[in-house]
Amino acid sequence: PAPEPASSDAKVLASPVVRKRAKDLGIDLSQVKPHEDGRIRHADLDAYISYTGGFSGAAPARSD
Amino acid sequence: VREMNMIEAINSALDIMLERDDNVTLLGEDIGYFGGVFRCTAGLQEKYGKTRVFDTPISECGIIGVAVGMGAYGLRPVPEIQFADYIYPGLDQLISEAARLRYRSAAEFIAPMTVRSPFGGGIFGGQTHSQSPESIFTHVSGLKTVIPSTPYDAKGLLISCIEDNDPVIFFEPKRIYNGPFDGYYDKPAKSWKGFDAAQVPTDYYKIPLGKARTVREGEALTILAYGTMVHVVESVAREKGVDAEVLDLRTLVPLDIEAIEASVKKTGKCLIVHEATRTSGFGSELSAMVQERCFYHLEAPIERVTGFDTPYPHSLEWAYFPGPVRIGEAIDKLLEA
Amino acid sequence: EPGKQPRPDEACEPKETYPLCDDLIRVLGDDNKAHGPWDPRLDAETLRQMLREMALVRAFDNRMYRAQRQGKTSFYMKCTGEEATSVCATHALDGDDMIFPSYRQQGCLIARGYELTEMINQIYSNKADKLKGRQLPIMYCSKRLNFFSISGNLATQLPQATGFAMASASKGDSRIAATWVGEGSTAEGDFHSALTFATVYNAPVIFNVINNQWAISSFSGFAGAERATFAARAIGYGMAGLRVDGNDPLAVFAAERWAADRARANAGPTLIEHFTYRAEGHSTSDDPSAYRSAEERDEWPLGDPVMRLARHLIELGEWSDEQQEEMDAELDTKVRTAMKEAEKNGILGHGLHHPFHTMFEDVFEELPWHLEEQAEQAIRERQIKFPGDPAE
Amino acid sequence: VREMNMIEAINSALDIMLERDDNVTLLGEDIGYFGGVFRCTAGLQEKYGKTRVFDTPISECGIIGVAVGMGAYGLRPVPEIQFADYIYPGLDQLISEAARLRYRSAAEFIAPMTVRSPFGGGIFGGQTHSQSPESIFTHVSGLKTVIPSTPYDAKGLLISCIEDNDPVIFFEPKRIYNGPFDGYYDKPAKSWKGFDAAQVPTDYYKIPLGKARTVREGEALTILAYGTMVHVVESVAREKGVDAEVLDLRTLVPLDIEAIEASVKKTGKCLIVHEATRTSGFGSELSAMVQERCFYHLEAPIERVTGFDTPYPHSLEWAYFPGPVRIGEAIDKLLEA
Amino acid sequence: EPGKQPRPDEACEPKETYPLCDDLIRVLGDDNKAHGPWDPRLDAETLRQMLREMALVRAFDNRMYRAQRQGKTSFYMKCTGEEATSVCATHALDGDDMIFPSYRQQGCLIARGYELTEMINQIYSNKADKLKGRQLPIMYCSKRLNFFSISGNLATQLPQATGFAMASASKGDSRIAATWVGEGSTAEGDFHSALTFATVYNAPVIFNVINNQWAISSFSGFAGAERATFAARAIGYGMAGLRVDGNDPLAVFAAERWAADRARANAGPTLIEHFTYRAEGHSTSDDPSAYRSAEERDEWPLGDPVMRLARHLIELGEWSDEQQEEMDAELDTKVRTAMKEAEKNGILGHGLHHPFHTMFEDVFEELPWHLEEQAEQAIRERQIKFPGDPAE
């Protein structure tokens, strides 16, 4: 079943690989704005990274 | 309400069903005059007579086979297999016949039997008195698999099984017949005395099949268990002071997927515990389902804590048993992830 | 020799039957007359009825065999030469006695008047098949006619019949159970469990062992026939045993009736070996020329039971060759009519099957969530594969 | 090298092993004079005599039980169970005896038998000629489970099984005895003619147990399959033009976890396909293991495509069979995730 | 009546043995003398040897029973009263004949000279237990002594013995197989499979059915004893059958030797029912007073086999009460010495078990990766639980 949209206090939805990447990058996923279905994808992480001007060089953008 | 251990609770369920329904019939090795090697049927032959409660030849194939025929007549047989380890000679009758009968006859004939059998280790029973073969049965379409963890549940679930019109295998965790077990084999054994779950109504009541029980609520992780392991898991969680949500599955098929899904989505972490051999144990199905349904909520790999992929060794049974150390390690791993 | 076998009382000690386990109960002689104490003294009407049913089984088998060859279904099994062992045995039972058949007992159903169209619907697994296409062809089931669901797993019906008989006895009911099993299948452990339980509880059950001398390609010796008869197995359990010429309709009837009376009188179970011959291949998947000589069939040990009964009736002046011919033609028409009727409901693999959702029903009394999910999946797949076709 | 279908390849393996090792002994229903209902043993009794290749009574318990005793004597028995659906009466001898013998005797006695049995559906065999019970065997400690998918593999794996000193269950996917099957039951059946995997050396060779075969390499997702489903999966992947890596597991226990782990870590996505009933099928173990070992590489939920949790229905067998539509859907889902 | 049973030739037709299936072969009379054609005419030395071994079994059982009560192990099973059925039967076999025992055949091992310390190590599951603590106490195994691994699953040894015998015959070897099974366990399907295979292939195997009249709490009637003897099961298969007084050491020896000679001469399998009595409870987990009267034991049907043989030797002038007493004392000391020896290697649950890694060995010939992983887990757990203790 498709993941339902996250409500405000809901847990972060993300695939393990996204979680891993965020962790490696030291990013707190709850700060990342999810995709409209509530799930955080690589693209959302990329957006967050470029927004924060962080580690975009170290972590090349990926597509899902 | 009366304080009962699990044996008494099972006896009470059987007694009530024999009383309420003339078609309920008990059969098995040593269950009649003697009342069963674990005394679950004590006194019932005396009360209901030899056609309702009877000893059988030592043939598990015969026991389950005649139960199919009795069901075809209209009885509601409750065969006992003395130990789960000895169910294999009866598997063809259970799998190819009892479980398939409704389907292949388009419901003209049914096999409304409840096969009771003590299972699990921790009693120095050696490899042929300790097995936990439940996952084999969960793979058989047409069979239900039920496992209680307390006297209260044992009675209510067993009554539901007997009234159910499908064949059910009801595995009784023999390690906790006489008292709950926290996994410390080196501490004195506890009896059911004083436990809430040993307060059992003397009358008829049912616990629906397919509904899990929330043993304790928590936020940090979800632990799925059944039978003896419910108690071990609970005590480890208590001891470690972990905010674990513990679900006692009670029925493996059909599974209470809703309860599982809700809990794992809440906690984001899941530990599955069973005593059976790891490979293709029921934990693998649970893990697969949780992963399929809660994937994006998972914050750490689902962990399985199980018995090892060896026969249950007599003298090293506590090395085999998935006890507090093994469970504790897995909890730590999940919390640290 | 026909007529020479003693007939002990139905309530006798099992021991009195033991000589009969090594003998062969026969009634019809070469003179086409009935002989001896086992002559059931049936009236001509009953005899003609049995003859008709046996001939109907034969006609049905022939047509269905061809239907399989024509691709109308996947599988068929004939009982050619063994018709008496089911038809005449069933006549000796009461209508509400429970039959636990193996797969070669179409004769039991026909003797109980099952509709041919129902049988063919099942064989075609079509949309009128009351088993909803779930079972292999010929794996019939009719609760109404007290005919238990046939299993593909050999010999499992034996303990089941015993259990039914035990239940009936425990309820003080007069219904008995009768079960059929091939001689090859007696090697399964279920046979032993059944006989053990039946003796221990003195269950009112009849075990019919159909010794047609072959189990697929294996001669009956592989089930132990070279050392003892199958009837003799009874001796080991202290059970009554009879060995009967399975191609002698009168002897089959008489033996089965003896056992039924015995069971109903609470005198215990009986094992009957019906010595017969599988005149055809094991099934449509089999070619017997690979393992037995063509002459064997030609000699047709024991003779054709249909013809033996016909000749007996003729000898009695109650039948004629012309009537026989007429009947055969009539029965063949009857079968063909039923086939046409059934074909309206479809043949295997030609779309007229049961709706997909039925596939998930009756696994349990109620559909659990996981089967509901799977049913949705199956129906969706069908719509993907055949977008136009209304799946259900 | 000669072109062989899977039946011929199996026959060749048996022939070679009978020739090389006097202790190799074949037994089973109809396998002797007749050569087996699928002809896998054709000609072998004639060649090696009735003590080496023989017909048995119809008793699966007896077949496996005497094979245990023959093993104790020093023979290397290769029992055939005519259909996997009929193995249940022999399960006690297989599970409680053959699989446990080495352990319980501390290796004084072994059961070096290879139980051959055709399994799987798609041949209009109805519910008792179509089952895929492999997961039951994978749960039994002490048993190996092997399933070939091509004539070449069948021969090489079977020889390894026969030489192996542990009991092995060797399931032969009967749907592909005569030719590979792409899942389109409505297209004409193919024979093995012209397929590389049907080029089988006439001599002795082995394929090691516990090693998977990479059917095709790919980057987009990993598909795990065995037996008949390898071909269906391969053809769906080809048809859809998906860059899938397909692994043919060949041995379920012991599993080639390295190959699986490497592939899933590479692709980040995993689909598991088997024909057996879903609940507690071997797919659940695969899913659990992949999840445990590749968790942080997973980009989408592991998908299982399986048979349904019903008996195999005769007329609706193609609705039951996990064919191209079901597999295609799952692939799409994984790629879109 | 002792001495009155005819003794057919070992190579006779099975039929000639059938009267013996309903009789009871006895040699020792109330006069303590040997009578009739079944008298094996053993020399005094052999008789004393059998006496000694039976007495040793008795002494061993008594001590081990107490050891269990003292918490030195989890479980024990005595064979009191049944000593002749294992000891004397084993004497009738060749040393390289293969024994497929059930769990009450400690007498076979003792008759083959198995070291008591080895037995006790197994019972204590200690670090010297050659089965590495894996098996329940008394589930012995000795390939050296041609004693197959005991199974907890009843009756499985019967087809296995048949298979061994078939293998031996197919190799032209003279070794035969002998197997033991309780009368209650004959109800299992394996019994039937074994007898069927044995007849079909004429396997050189002896089936010893130990009818001690009880199966845990169930009287032998629940295995069918009220309708036929267990020896009579042979008749159903066309196999030779003998029924012997299992408490008569000479009769047991004679019957077993007859069957062994028969098997070795390729004249086929034999089923021997040893009619005896389980004088004690089923096991240390059992209290027989819950299901049978105390008097029954006191009457000890058939008499104590040890005393019967002792009295026979005394009657022959080859033994005396004093010698008997001396021997009993000596054997008890022997057992106690062995116990002390074994206790050095540990008792159950007191640390002196096998290293944890052994738990993962012998599941397969080679340790696969998943068991290696699990072994590491087990050893790590041990170190966590007992940080000081060297785990291995």
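The letters A, B, C, D and E name the chains in turn, as written, and every chain counts its residues from 1.
Keep in mind that, in the parts below, contacts are C-beta pairs under 8 Å (C-beta built on N, C-alpha and C of every residue); 3 or more make two chains touch, one makes a residue touch a chain.
If you're wondering where the values come from, they're calculated on a predicted model, not measured in any experiment.
Undergrad: Identify the chains in contact with chain A as well as chain E, in label order.
TA: Per touch definition, common to chain A and chain E: B, D.
Undergrad: What is the chain whose Cα centroid lies farthest from the Cα centroid of chain C?
TA: A
Undergrad: Considering A-B alongside D-E, which chain pair is linked by more C-beta pairs in contact?
TA: Between the chain pairs D-E and A-B, D-E carries more contacts.
Undergrad: Taking each chain's centre as the mean position of its Cα atoms, how many Å separate chain B from chain E?
TA: Comparing mean C-alpha positions, chain E is 35 Å from chain B.
Undergrad: Would you mind pulling out the distance in Å between where the CA atoms of chain C average out and where those of chain E do?
TA: That pair's centroid distance is 45 Å.
Undergrad: Centroid from C-alpha atoms only, then distance chain A to chain C, rounded to Å. What do you get?
TA: So the centroids are 68 Å from each other.
Undergrad: Compute the distance, rounded to whole Å, between the mean C-alpha positions of chain B and chain C.
TA: The answer is 40 Å.
Undergrad: Spell out, as numbers or ranges, the residues of chain C touching 2 or more other chains.
TA: Within chain C, the residues that touch at least two other chains are 132, 134-135, 139, 151-153, 187-190, 192-193, 196, 200, 222-224, 363, 370.
Undergrad: For chain B, write out the residues touching at least two other chains, lowest number first.
TA: Residue numbers touching two or more other chains: 56-57, 59, 61-62, 85, 88-89, 92, 96, 100, 103-104, 127-128, 141-142, 253, 279, 295, 298, 301, 309-311.
Undergrad: Which chain A residues reach two or more other chains?
TA: As it turns out, chain A has residues touching two or more other chains at 15-16, 19.
Undergrad: What's the complete list of touching chain pairs for this entry?
TA: So the chains that touch one another pair up as A-B, A-D, B-C, B-D, B-E, C-D, C-E, D-E.
Undergrad: Residue numbers of chain C touching chain E in their complex, please.
TA: 14, 187-193, 196, 199-200, 221-224, 226-228, 232-239
Undergrad: Within the complex, which stretch of chain C touches chain B?
TA: 98, 100, 130-132, 134-135, 139, 141-143, 148-149, 151-153, 156, 158-168, 170-171, 177, 189-190, 192-194, 196-197, 200, 362-365, 368-370
Undergrad: Spell out the residues on chain E that touch chain B in their complex, using ranges where they run on.
TA: 74-75, 125-126, 129, 132-137, 139, 151-155, 184-185, 187-190, 215-218, 222-224, 285, 290-291, 348-349, 353-354, 356, 359-360, 363, 370-371, 374, 377-378, 381-382, 384-385
Undergrad: Can you name the residues of chain B that touch chain A in the complex?
TA: Residue positions touching the partner: 265-266, 268, 293, 295-299, 301.
Undergrad: Where on chain D does chain E make contact in their complex?
TA: Residues of chain D touching chain E: 25, 51-52, 56-57, 59, 61-62, 64-75, 77, 89, 92-93, 96-97, 100-110, 141-142, 144, 164-166, 210, 253-255, 257.
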